[in-house]
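There are two complexes below, and they share chain A, which is joined by chain B in the first and by chain C in the second.
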Partner chain A sequence: MSGGIGAHGLAGQGARQEGRSPLATWSERHIKWLLVAPAIVLILAITVYPLGYSVWVAFVNFDFLIPGHAFVGLGNFAAVLGDPVALHSVVVTAIFTVADVGLEFALGLALALALEKTFRGRGVLMAIFVVPLFIAPVIVGQFWSLLLQRPFGPMDYILSVILRHPVTISWLTEFPWDFIGIILADVWQWTSFILVILLAGLAGIPAELHEAAAIDGAGGWQNFRFITLPQLVPMILLAVTFRLLGAVNLFDTIFMMTGGGPGTSTYTAAYYLYQTGFQQFHLSQATAGSWLFLILVSVAIFLLVRRLLKVEEA
Partner chain B sequence: MTRKRGLWSLWRRFGIGRSVLLGLFLLFVLFPFYWVAVTSIKPSSDYLAMPPVWFPAHPTIVHYVAALFAYRGLAGLLNSLIVAVATTVASVVLGTCMGYSMVRFGTGGRDLAFWVLSQRFLPPIAVVLPIFLLYRSFGLYDTRFGLVLIYTVMTLPLSVWMMYAYFRQVPRALEEAALVDGCGWWGAFWRIAVPLAVPGIIAAAAFAFIGVWTEFFFALNLTSRHAFTLPTVFRSFLSFQGAQYGESSALAVISLVPSIVLGMLVQKHLVRGLTLGAVRG
Partner chain C sequence: MDEMIPNEEHERALTRELDAWLAGDHSRRHVLAALLGIGAGAAMLPATAGAANRAGFLGRQQGQLLEQAAVELASPDTPLGKAQADAVTASTKTPTDGSAYRAVAAAKGKYNNVSLALTYEAGLQALEPRNFSGPLWQQLTGMNFSVVELAHPDLYSKAITEHIAGSGAYDVLDIEPAWIPSLANGGVIAPVDEYVKKYMNEADLNDYHPLFKYLPLYKGKRWGFFDDGDQLELYYRTDVFGDPKLKSAYEAKYKQPYRVPTTWDEYSQVAQFITDQLAPNVYGAVHFRKFGSPGNQYAFCQQFRVNGGVFFDAKTMQAQLATPAGITTLTQMIAANKASVPGNDDLDAVAAWVAWLTGKSAMLFSWPPTGRMSENYSQRSKAINFVPASKIVGKVGYAVMPGKYGEMASGFVKAISADSRNPEAAYLFAQWQSSPPVSLVRVMLPYTLRDPYRISHYTSPIYRSLWPSAKDYLLNLANAANFGITDLIMPGWQDYALTLDRMCTAVWAGKNPKAALEQADSEWNATTRKIGVDAQRAAYQEFLKGVGCYPDHTVDAMGQAVHLT
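And then the complex of A and B:
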């Protein structure tokens, strides 16, 4: 952000030299704002304006079937907070978020450590490992429902062969296997996200630190505990916050794998709001819920964005 | 005790633990691809065989034909391509302009940067309802143009940020030389800075394309019969109880191709792209 050139002085000079038309002179003088204006206008129109509009929707009774928009105050918010399914969906979201990000972190860290030193085939492995990052989450949901679905999917058969006794799990309809299935799909897709970031972090640790530790007689575990881990903390925080902000929006795999079911047992917050707004058309209630959800996650957004800016300035 | 220590040193020396971990994870990553690819060419009669058919004796392409035509996969594919290309162009053009202005003139300072970045983390569910109402009243619901608008905003933070990082590496001296030659700032931007930033533009474009190609939630809620994209076609396999294994697999395989190709293309920029420039890979 630092050290912009005084656009005005230089630009004015250039224009005078050439003797251009007034329009060219004007555009030359205001280039810095002309370059950012289209993007700003678009963001204002597509997210800021709708968000402002939705404040109004959250406080009235907005229904396609009922004419007029009666002011209901906090009624919509009360309706969401009083809905047991809404509260359940928040708990489910928390469970998935913690389980997903926790497992992805543990596995991602282990893989990053295993891939830290170069060896033959490492590049190929990495190229394969990152492929899930580029796939539509809805297709990942499709992948896993094809693998887990009874009687078509091979998962039960594979487990039967490994465990040597018949396994008959209804993965997509039976608690807790439906949760495990959805977590598997998320771990499959996003573990490499943590892996890629932590690997970059590991590469950034100065080799001298490890050498010095080795001279002092530190073993492998001590080296990891007292050198690698503390050095890696900023990257860990970054990767985990990114994933947390992705995980709280969990929707696509739920949509494909369980459809929120059985009943409403695998409703996440996003899925609940989608059902309320787009399937039952309780638009005002869903909008109020969206605001509550946004307020819940905005602390995490704020912290992450502030951290991203700090890195860019360094 | 000695036996234990012996095993431990063996483990350490040959990295057995590491090999097992990497091997298992490789299997975990690859197996779903294999299963979907095989399912897409399996005749329906092989679906429920026990043990599962690991490779069909008589591979078939009927599922591809059905997925593309009977389930309107082709229409979804075309919509996805059009929307993704248009969004990529818009996002990269706007991102390049904004990134340049922020680097060279420090436009907007920290506040603008913060604002643009935070757009990236806005939960889709928080904005989709008002956008849906807005689109309905402006006739943008179920149009490709409507999708392009929201997708451009969705991909813009990453485009801006990648271009911001790139322009910071372009030496200012070259543009100053152009200014002295009477180019003006527009000339310096267009003829000097942009050509130097082409690698960054390509990376930003690839990320924008992938972002649109894989997006489901907005497409699900903002389109229906006309502007529906490829990911939303998977919806139609849910309403029938389960027998469309081959068709849905075939469509998944088709959708994977651009993802994998572009994924390879951005490998070098992966770390930066995934973290909005926070980590230099």
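And then the complex of A and C:
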């Protein structure tokens, strides 16, 4: 029966096709491509073309102060690798990334564990913790800059009152306080990001696992070590990966708080690239630097993501 | 002919209203309302052929203008009001050969549909064209305007970005004189010599202080009009320096006269003495030394050259910062920092003003708004209430910088964008805005950060009447410009200045001065190599020919000093 219907259907289809113009046939066959073409053109225009253009810029002279666009080979890459400020900025980026994400993870996890169970005022606390996430980083930078500025910012005064002796820390212009100040601002803003993700992860752990562990006589630490933590690993990796992506691009707070100073001591890679490209207009050097930095970051992120996927497969 | 009748009506109405205001017959509010109506009528004339069409269009056009334009005029019986009345007269009635009148006459009716985009430093600087010169120009000529507010470094970077993009987004650019070589070589700005020949009264060009007349010149061409006399000078507390107890204590200790310092060593010595005697009530000095404040590059450049330093070896173009002059300069600056208000290295220019105005410091070298703020003249404007009321009114004296040669630190030149679609209209606005009578108002506005730069500003009886010692302030500004030394006006100044700022802040944070100077040399050499040693050698030679490049090339040293009384 079905074969009969199929034969009839095919015959009908063939008859319909016979009556069509070649254009209509071609359209039907390629309509899917026509429909996606605008999106492809758009993607090519706004991503692939600029990317290709930036490759070209990295290999030519594209500097406002130097006329022409002569091909310079690897000269721009050599200029970045030979610039001590560039190398220093990568080290600073690594320091901030490890310190920021490490502290944010530790605090975020601790807060998530503390807020896992419901209690009176939990909602208010959650709201307070989440507020910094909605503030633009540039505002956070300005806020902390005002808070820490010497001599008019209140931080030194508050510390003086608490410690009962004069505190005269130059938070924005003196090592290591400038680093501490920037880390404080970043941790203040982004800890709640880790908190929110880990809290979701904790909520997803089946209660039966903890109950079974309790029956087996597991204590709090054992419960955490052998049940909570392993169950939470995918979410931890997710949160940490996202934060690493943000932390390696640290720019706004540096821009607002220290301007990369004193000297170049708080230059991050992003700040270095901005300064080189958009303040000094050595665009080809900045573009070459961006590619080098992208490769460096990609390796780290690739390793993390691979680990994340392995966990998910398991 | 149809077009002519409304134009004549417009002129008659404009004259009638202005005459009435100058005579005191009409209130400012009345004049403003009338001017808005007249200006709106002028603006829409070319676009309207028929009377029937006109009525409906007028309503819309007028509404838009009312939103944009509101000239802030002071009462005619105040000094500022008088200056504004003079500016309006000079723009509309007489002298007819003045640059202000010529600019208005050339622009009126010709560019009614044109809107000029003006770049301005965000904040107070931008208030002036928003509140005064922009709307007044609009009323006088029918030309529209928009003010594009940018952070100071972006006045350079955005101009370049838009030029590279070929957007034609800006017409009149506010730029530092030191950026002229880069922007001129890069084709971002256009020379104005042809327009000057056509429209400007030469006497108005000669009204500039010689230093400021020179600054917009590069490779024999004029690249705009100087528009902000950012000459550093020393402000000091007359009560502290006139204190007999301090005087006898100082002279007993140092066997030297207790006076306003004339050398940099004396400066830090006197500052330290005052700090030792009067802190925490008063400290010897305060500086803006924070990264990007912006102060370090200017302070270093002026002091370095006073100490005999030269920026480059003119033959090899090797940087010459790591020399005894460089070490001496940083050593002196460190000594001055130690003698200053606590947290000195963290202060930007505004924070330094706060310390000064609240009476915490006996000395401050800074830009000219300091003088106006010190006498509470500026603070009458709400716009400037981010600095406190002055506690040192009547207690401020003015002097040239220690070492005599002070930095003409930054300043502004009004330049015409090479990508402007209406370069002549842009030029005419710049000529009018910087003309003697109009610029006098602009450097007198309470909230302004524009500073006197014309001979007629320094000698203006109106300006001199603003506060009891205003005459001394103006005379000292003119004299400081006689001994003014300029920023390093050559391509790459942005990079060189950035290096100096990094170097200084690293030293304030504890880096060894010699090592910092050597690193700065290395960065300067890298910049020079990047731009091209030969090109930079030629640019440096050009700089060396310029007025104010070094202490032996100041206006005074070249015999062109202006001596005013």
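Quick note on the criterion: the second predicted complex is superposed on the first by the 254 of 314 C-alpha atoms of A that agree within 3 Å, B and C clash if a C-alpha of one lies under 4 Å from a C-alpha of the other, contacts with A are read in each partner's own complex, and residues count from 1 in each chain.
As a convention for this text, a residue touches a chain if its C-beta (ideal position, glycine included) is under 8 Å from a C-beta of that chain, and two chains touch if they have at least 3 such contacts.
Being a predicted model, the structure only gives us computed values, none of them experimental.
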Ask   = Does chain B (first) or chain C (second) touch A:L244, or do both, or does neither?
value = neither
Message = Is A:T173 touching anything from chain B or chain C once the two structures are fitted on A? First, second, both or neither.
response = second
Task = Return the chain, chain B or chain C, that is in touch with more residues of chain A.
result = B
Inquiry  = A:P132 in the overlay: touching chain B, chain C, both, or neither? Say first, second, both or neither.
reply    = first
Request  = Based on the superposed arrangement, let me know which partner A:H282 touches: chain B (first), chain C (second), both, or neither?
outcome  = second
Inquiry  = Going by the contact rule set out at the top, does A:I205 touch chain B (first), chain C (second), both, or neither?
reply    = neither
Message = Contacts for A:P154 in the overlay, against chain B (first) and chain C (second): which applies, first, second, both or neither?
response = first
Query = Once the shared chain is lined up, is A:A218 touching chain B (first), chain C (second), both, or neither of them?
reply = neither
Chain B versus chain C as contact partner of A:D252, first or second or both or neither = first
Key: Footprint overlap on chain A, where chain B in one structure and chain C in the other make contact   = 149, 151-152, 259, 278
Note = Seen from chain A, its contact residues with chain B in the complex are 1-5, 7, 10-11, 14-15, 17-18, 20, 24, 27-28, 31-33, 35-36, 38-40, 42-43, 45-47, 49-51, 53-54, 57, 62, 107, 110-111, 114-115, 125, 127-139, 142-144, 146-147, 149, 151-152, 154, 157, 188, 191, 193, 196-197, 200-201, 220, 235, 238-239, 242, 245, 248-249, 251-252, 255-256, 259, 269-270, 273-274, 277-278, 283, 286-287, 290-291, 293-294, 297, 301-302, 304-309, 311-312
Task = Note which residues of chain A are touching chain C in the complex, please.
result = 63-67, 79, 83, 149-152, 168, 170, 172-175, 258-265, 275, 278-282
Query = In their complex, what parts of chain B are in touch with chain A?
reply = 12, 18, 21-22, 25-26, 28-33, 35-36, 39, 47-48, 50-52, 94-95, 97-98, 100-110, 112-119, 121-134, 149-150, 152-153, 156, 160-161, 164-165, 172, 176, 179, 182-186, 189, 210, 213-217, 220-221, 231, 234, 237-238, 242, 245, 248-249, 252, 255-256, 259-260, 262-264, 267, 270-271, 274-281
Key: Residue ranges of chain C in contact with chain A within the complex   = 153, 157, 160-161, 164, 182, 185-186, 290-292, 341-343, 345-346, 351, 354, 491-492, 494-495, 498, 501-503, 505-506, 508-511, 516, 526, 530-532
